[in-house]
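The structures considered in this document are given below.
The two complexes that follow have chain A in common; it is paired with chain B in the first and with chain C in the second.
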Partner chain A sequence: MLAVRHLHKSIERQPVLKDVSFELRPGMVAGLIGRNGAGKTTLLKTMAGVYEPDAGDVLLEGESVHRRPEIKREIVFLPDNPEALFGYTAEECARLYALVYPRFDRAAFDEMIRRFGLPAHRKIRQLSRGMKMLASISLGIATRASYVLLDEPTNGIDPIAKQQVLSLLVEAVSEGMTLLVASHAMGDLERLSDMILLIRQGEVEIHEMADPSRGEAVKLQVVFDGEPPAAWLASPQVMVLNHVGRVYTLLVSRDDGDAKLEELRRMRPLVLEELPLGLEDLFVWKHGGRSDEDR
Partner chain B sequence: MRIDRALWKREYDQAKWIVWMTPLAHFLALGGNRLNDWYLDRPENIQDRLARVHSHLDAYEYGEMELMARISLMIVLFVLALVQIGAERRNGGQEFLFSLPCSRARIFWTKWLFGTVLLTGSLVLNTALDMAIVMGSPIAEHFRLWYHLDQFFFAWLSLAAVYSMFLFVGTISGSLASQAVFALLAPVLPYLIALLVQIGISIHNDSVFRFPEADYVLLFPVRYDYPDILAAGPFPWIFMAAVFAAASAGGMIAYRRTRAENNGKLVVFPLWECILQAGFVFCSALAGGTFTYAFFNASSVILYYVGLALGAAISAWVIRRLLRLRLKI
Partner chain C sequence: MIRIDEKSVLPIYEQIVHRIKELISRGVLQPEEKMPSVRELAARLLVNPNTVAKAYQELERQGVIVSVRGKGVFVAKPASSPGMLQERLARLRADLGRLMVEAHHLGVSREQVTAWVEEEIGRYWRDGDAGGSSSAQID
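Up next, the complex of A and B:
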């Protein structure tokens, strides 16, 4: 198990991570979401040992990855741009990784680059962005490390490359790897993840995908009978996600139990239907739909 | 260990052109020059040159070729230190290395050892070649084994000391550009500070100005020269060894504690930011005072203080802005 315990990290005297704690169980996929600059990359880099924490620790099977870095043979960090490998060909990368990671599966790597049509003897620098990510993820998976930390693996790549990246990740999970994927692609995370880590104002909230809102909110489609209740809609527990004609898509918080829902029911709307709450809804709800906070 | 092989491979991969350039540049400055003088030149020139040789020091041209070789090696090692530390902060190499399953101490040790082995290898190879060239040349009768050994050990220690200093400067600098500037400045900084302080003192007590001791210049391969080094006694050797040990240990400590999140800044440690800020203001103030005093041919010490205050104020403003920068190179 990879456990993050009470992690604190400040950059330029600004706290980026504040008492962050969570655990990654073997074989699970965790999605890491948050606004730009919320601290997703800082968290991944601190977990990988690139950054030293100000306080707290990252424990692999109970041992600190910062005090005993050799145990990081079981953790691979794949940044959003593999620029450290730009001077290598895929073939040379494989030879380097084989020296670092004792279980590196050369046959599996060769099979992956053959399947995705990646040129083995061209410098990574010369590949397209999608190919770079495929090469990087293929290397990460071929290490057979137990934990793979991915930063924006599908960012800026075309839909076909994206599908290929996602299929690689699904294969990795089926082989028992644990993935922590930082991404803004909510749809992809929704399909992949067992758990969502939402990072906001330096703190991490854990949401299981079975019930992303943890029962704290409900998503509704409502058509009011007559004039919409402006005061009710403006209350802090209600968020209007969408409004087309008379049809409102709402998120109603259950902070104070079902009081707001009861008020709504008493208004006898023409349509009142509960919708499944998606990751994007959760994200918007947690950030209050505002565009300039949580930086 | 496999991880050590991986680290060595990584160092070689990113600096392979330097690895091949080092012995070549060394050879061109030393053996190549000797070949030119005693084998390839026109016979009458060689005869003229030979006629002027009365001692082994004449034959070895008082170590001039070795001095050129040390300068070439110093430039190569300066570039190597930039590639090993500063460039890695920019190209993601450092983050890649820090994510690998090995300690930062081990990564730094590999870097330091890589440069030191490269230096040693080039010195062994080129000293052997030079000895062979001398023994087969018209000055063979002046061949002295101890001369070559003296030059070898002096070159090794002086260059290892400055290389360790370049690496140490890299471990506290936040970018390639700041490492380059600080690495060029660091070896002459003690001399510049001593010079400015001495000027300030002589202005105040009307004493005769004297240039500071040249030992304040830490560019050892150039500062000390053969045969002076032999006459100077043990001090230069001890001094170079002390700088070598301190810079190597300092580099190791700083690299282990480096704050990768500050890459791009002038320096990566808050403590060194304070030192840089204070040092920059101090030196600029002294330089400002010296400038106004000398420029206006002043008779009063008040002008010195005007320049001092202006220098301090302007430099404090400049350094505050520079410390906020995130450099792209």
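Up next, the complex of A and C:
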């Protein structure tokens, strides 16, 4: 188990992580979501030991990543742009990684680059963005490290490369590896994740994929009988996701119990259906809706 | 054969359960046929293997599939799959509902619908027959 305990980290005197704690269970996939600049990359880098925390610790089976550097071999960080590899060919990278990571699986790496048609003898810098990402992730997975932390693995790559990246990640989980994937691609995370970590204002909230809203909100489709109730729709517990004609899609917070839902039921709407609450809904809800400044 | 619809309102695990049942009831997957392993299906669908494993557990709990240690996962024989029966009954009932909506929309009279249903009943059910060949009589 990889345990993050009371992690604090400031970058240029700005607090980015404030008392962050969570655990990654072996074999699971956790998705990390949050606005740009929320601290996703800082969290991944601090977990991998690239950054030193200001306070708190990251523990692998109870041993500190920051006090016992050799533990870092079990935690691989794959950045959104693998600049560190740019000066090397895939072949050179593989030899380098084999020196650092004791379980590096050269045969598996060779199979991956063959499958994706990655040129083994060209510098990573010269490859397309998708190919760069595939090279980086293939290396990361071939380490057979217990934990792989990925920053935006599917960002800015074409649909075919994206499918190839996803297939690498699914295989890694089948091999028993544990993944933490920071991404804005909510559809990818819905396919991949067992758990979602939502980072906001330096704090991390944990959401299980089976019930992302943790019962804190419901998503509803409503058609009102007659005029829509402006006052009810404007109440702070209600968020209008969209309305097309007379059909409203709403998120209703349950922080006051079911009071708002009861009010709605008493209006006897023509249609009142509960919809499953997806990751994008969770994201929009947690960030207070699509206000104009967010667009 | 199985596709994940990202726009579906159903969670992915339920989509897998539903689609496999659908393939079985359409005869695309035959009784005792071998199913893809969790690993294979996860790779094909590009979804978390843990999610596929959960869907398989649910299908096994419902008696739709059986796993044989060391051999793999197989479609259950019909006689041992009461879960499948419930599924098909529910779909049949929903289909009937849709037909009624369509009939109502087309302005077919209640008498006409009843006459059509009676006509079909007369074709397949005799007095005291609950339908099927081996099913018990229902009073």
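Throughout what follows, the second predicted complex is superposed on the first by the 289 of 295 C-alpha atoms of A that agree within 3 Å, B and C clash if a C-alpha of one lies under 4 Å from a C-alpha of the other, contacts with A are read in each partner's own complex, and residues count from 1 in each chain.
In this section, contacts are C-beta pairs under 8 Å (C-beta built on N, C-alpha and C of every residue); 3 or more make two chains touch, one makes a residue touch a chain.
Since the model is a prediction, treat every value here as computed from it, not as a measurement.
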| item | value |
| --- | --- |
| Chain A as common anchor, with chain B and chain C clashing or fitting | fit |
| Which superposed partner A:100 touches (first chain B, second chain C, both, neither) | first |
| Touched partner set for A:191, first chain B, second chain C, both or neither | second |
| First (chain B), second (chain C), both or neither touched by A:154 | neither |
| First, second, both or neither for A:138, with chain B first and chain C second | neither |
| Partner chain in contact with A:29 - chain B first, chain C second, else both or neither | second |
| Chain B versus chain C as contact partner of A:178, first or second or both or neither | neither |
| Greater chain A contact set [chain C / chain B] | B |
| Partner chain in contact with A:146 - chain B first, chain C second, else both or neither | neither |
| Which superposed partner A:89 touches (first chain B, second chain C, both, neither) | neither |
| Which superposed partner A:48 touches (first chain B, second chain C, both, neither) | first |
| Lowest C-alpha to C-alpha distance for chain C against chain B (Å) | 27 |
| Chain C - residues contacting chain A, complex | 4, 6, 9-12, 38-39, 42-43, 45-51 |
| Chain C-facing residues of chain A, complex | 27-29, 163, 166-167, 170-171, 173-174, 187, 190-194, 209-210, 275-276 |
| Chain A to chain B touching residues, read off their complex | 11-12, 42, 45, 48-52, 69-73, 75-77, 79, 81-88, 92, 95-96, 99-102 |
| Touch list for chain B against partner chain A, complex | 2-3, 5-6, 9-10, 13-14, 91-93, 95-104, 257, 259-262 |
